[in-house]
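Some structures are shown below for you to check.
Shared between the two complexes below is chain A, which has chain B as its partner in the first and chain C in the second.
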Partner chain A sequence: MAKIFKQRNMISLLIVVAVLFPLITNNTYYVHVMTLSFIWMIGVYGLNLLAGYTGYLSLAHAGFFAIGAYSIGILTVKAGMNFWGAFILSLLITCVIGLVVGLIAFRTKEHFFAIYTLCLGYILYLIIDKWDSLTEGVRGLIGIPAPASIGPIKFETEISHYYLVLFFLLLVVLIMYRIIHSLTGRTYIAIRNSEDLAKTIGISTMKNKLTVFVLSTFFAGLSGALYASFVRFIGPDIGAISITFDLLTYLLVGGIGTLSGPLVGTTLIVWLSQQLQGFQEYRMLIFGPVLTLLVIFYPRGIVGAVSSWYTKLISKKDHQRILRPTKVRSGASIEAEKEVKEG
Partner chain B sequence: MEILIQQLFNGLTIGSVYALVALGLTLVYGILHIPNFAHGALYMMGGYITLTMMTKFGLHYWIAIFVSIILVGLIGVLMERFVFHPLREAPPIHDKIAAIGILLFLEAFAQFYWGAEYQSMPTPYGQVVQIMGLTFTMQRILIVVAALVVMLLLYLFLKKTFMGATIIAMSQNREGANLVGVNTNKVAMLTFMISGGLAAIASSLSSPINLVFPGMGQLVILKAFVIIILGGMGSIPGAIVGGYILGFSESLGATYISNDYKDIIAFILLVIILTVKPTGLFSKGGQH
Partner chain C sequence: MLSLKNISVKYGSFTAIQDVNIEVNEGEIVVLLGSNGAGKSTTFRTISGLSKPATGELLFEGKKVNKTSADQMVKLGIGQCPEGRKLFPAMTVQENLKMGSYIHRRKKEEIKHLLEHVYELFPILKEKRNDAAGSLSGGQQQMLAIGRALMSKPKLMLLDEPSVGLAPLIVEQMFGVIQKINNEGTTILLAEQNANAALKIADKGYVFENGSIVLQGTSEELFANDEVRKAYIGA
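So, the complex of A and B:
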């Protein structure tokens, strides 16, 4: 029974559901909402890598999201570049800015880092809002083109756009999976758990933190660029601090520092928010306390709660099998492996 | 010349407000080592409570401020009890996220209960005074004087009373204070009470010259963070001096550089400071 729910099967099932989703619903609005939540997920993964796995809370994430979105917007609308060129260039721009910011930001630690990035996010927002000649200020950028077709594949309809975003999401999840389950990922977790200890055992923390930061801004920029080409209109509000808080809520509800957390949290909250349309302005009346309570009682969100419950269940079973030593051994090794994966 | 003096006076007024907010923030940081992101929300609640007391219950300005101090102080105590106390052993990232949760809740609550529109607060001190050819509004003079009085009272409380001494003791060494019999739980609650009260005073004083709206705390709290980094996290004189420095540089920057970008001055200042010295200007060695 348990074998059916093995990780690999679950993942394939999820991918199949995601691929078939537009065909099942036949409702373009649902496809639209799902595409948007995929775009947010990519951004949330960036935040997860930095805050969840490396332990540095960056509050400038919306700023990098906006840089990605505005870069592609300005390059296509104002400079008239072709879409995919602008797409790649906007990712590069985000990464370069991320690198420069990271070089300075990582001189600070813990609280200082959070405050520094908070202020930085505000600076980015103010620049976008006030630099009229470049960003059109509060009027926003209008008429960003949809992705250009690659060979015979066109991205004009909602559904084709959905698949494009899904492709990038799967790519991001794959990259995340490879990072987390490699030595690099373990290095990041070591930095999160104790930076001094990590240094003692010979990890170059600065280099690693900088890599994480640039990767994280890359994800944010990717998500921003996809957002701009999907919604086709961007205003300075997408760089506002409230977007960072939204992303943080998605991450916390799903599970910070877990691989599937961003998927769960974002899907859940985006759909809940869609159901409570008229309630949009007051949604933080619920999500604010949820955020606080989660951090106190379930610091690893839904995914963390479920997986610790599952581990408990397995260890209980093993306890009952204590009479058969061979079984216990295999059970214990599975558990040990699980612990390692959870970090 | 007249413009300069006028602007210096404006800087003094803004600086007083900033200093009061930063004082509350720095006190909490000194005791619990938490950057309280929800402090701006306390500031906002202070403004709204004073306004409601004046318009709905017809209380006098000073009595309304007093009620506001008590209520916001209590919100602060509740925050400490129900959120920061359970999280005292958690990794530092959790405190920050919890504080952000409170901030989001309080802002949404204000928007839900009082509405999103900008409201102005009436004041009994709307008169204009002429001193040596310069015009000042009474409210601004009141802000400067009241802030000085509050700071003096706080200083006397911290230095001359036993309760104040326990706060200082705890900020110097939590375990040590605990060992010599200081009830650290009580001190933490007291600190949050004072911190909330200071935020309420600051917003009640400045609301008549600014406006009251759900997002009014956002910029102020960001600047207060800049100030306590400028003055050293947890340092009380640093918060006061930093507050005035920021107030002056903002009002002068608005006149002589650009009014559009005056809010950015504080953040540029912060970025420069942290670039040069990552642990803040006057931080003591070995403290994070």
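So, the complex of A and C:
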């Protein structure tokens, strides 16, 4: 039974479900919501790498998401660049800004890093909101083109867009998997554990933190660029701090510092929000307390809770397996004792 | 090999150590004795590059290393086994050891040899190589911490209170291994409160009190010193 739930099988099953999803449901609205949640997941993975694995909570994540989205928007709409050229360039722009910001941000630590990035996120939002001549300010950017066709593959329909985003999501998950299960990933975890300890085994913490930060902004930028080409209209709101907190909520609910946390958290919350749309802002009355309880009792989210429950189950089974032979042995020795006495 | 000349370290306005002079020659075991808060760990932090000296000179193999960062110090050949058996608890024993050879990460063959060597010194670690480091006993964790420091192939190894909180028998074993590591050519600087065990294997020692060195000499001299016997050996 346990074999069926092996990691590889579960991953294959999830991929199959994701691939078949648009074919199972004929509702384009569901496909739309799912595509959006895939886009968010990519952004959440970026946040997870930085906050979950390296231990640095960046609250400027939505800012980088917006940089990715606005870069592709401005390059295609205003500069008239072709889509894929603009797409790659927008990722580069996000990374370069991420590098510059990271160089300054990593002079701070822990809470101060979070506060610094919070301020920075707000500054990025203000720049987008106020720089009318470049970003069109509150009017927003309209008419961002859909992804250009690659050879015979066109991205005109909702479903083709879904598969494009799914492709990028799977790529991101694969990259994350490779990072986490390598020495690089363990280096990041070492930094999260203790920076001093990491330094005393020869890890250049500054270099590694910068790399993670740039990588995380890359994921945010990718997510933003995909968002812009999917929704085709962007306003300054996408850089607002509330988006960062949305992403953080997805991560916390799913499981911070876990590989599948972003998938679980984002899917759950996005769909739950859809279902609770009737309650409008009162939704927060439900989300708030649930999130608080979750952070208190399951600090590593749903995935963390399930995996620790699973480990406990396994160790219990092992324990029983170890105990059983000793019981048999003790039974045998009692009989032997009896024989001695009776004899 | 390593010399500290008039080193002072400050945390804000508080002076943690003052005018410390230490000389460690190649192949020696040198012990720093002192009670909690005497300045041993600050001295270690300074040598490993985590704290920067306010005054004085820190020399390693003739080069001034006052401002060298901690990760560069490891590359120069100073390996540290920090106080309190600081490990990566969620990683396995083998992963912890591999983290220790971070600076040799591209040399796969060398890591293999180093790993074999550590497993030879501590066979129990080989047995438990796939267990999480956090699940080990205190003694095993200390072995792992020493093993991890060895994985960087240090010329000089700093051991901060390796015997703290361990059973007497394990302490004896631990000092046996430390001596073995030293015999293999690694110079050792040891901070200890257990003067009896430490002085038995050390060549010389320094006694710390309130951030300064109050006494120094060969281990025989310190062993014979009445004050040291009263304060640290209890005889």
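Descriptive notes on the structure:
Please note the rule applied: the second predicted complex is superposed on the first by the 321 of 343 C-alpha atoms of A that agree within 3 Å, B and C clash if a C-alpha of one lies under 4 Å from a C-alpha of the other, contacts with A are read in each partner's own complex, and residues count from 1 in each chain.
FYI, a residue touches a chain if its C-beta (ideal position, glycine included) is under 8 Å from a C-beta of that chain, and two chains touch if they have at least 3 such contacts.
Quantities reported herein were computed from a predicted structural model and do not represent experimental measurements.
When both complexes are overlaid on chain A, the residue A:Met284 reaches chain B alone and has no touch with chain C.
Of the two partner chains, chain C is the only one touched by A:Gly202; chain B is not.
More residues of chain A are in touch with B than with the other of chain B and chain C. Judged by the touch definition given at the top, the superposed model places A:Ile189 against chain C, while chain B stays out of reach.
In the superposition on chain A, A:Gln7 contacts neither chain B nor chain C.
Shared-chain residue A:Leu126: touches chain B; no touch with chain C. Taken in their complex, chain C has these residues touching chain A: 48-50, 69-71, 74-75, 80, 82, 86, 88-91, 95, 98-100, 102-103, 105, 148, 152. By the touch criterion given at the top, residues 51, 55, 57, 104, 107-112, 114-116, 118-120, 122-123, 126, 130, 241, 245, 248-249, 252, 281-285, 287-293, 295-296, 299 of chain A touch chain B in their complex. Chain B meets chain A in the complex at residues 33, 35, 37, 83, 86-87, 90-94, 96-98, 100-109, 111-112, 116, 218, 222, 225-226, 229, 233, 260-261, 263-264, 266-268, 270-271, 274-275, 278-280, 288. Contact residues on chain A toward chain C in their complex (touch as defined above): 183, 186-187, 189-190, 193-194, 196-197, 199-205.
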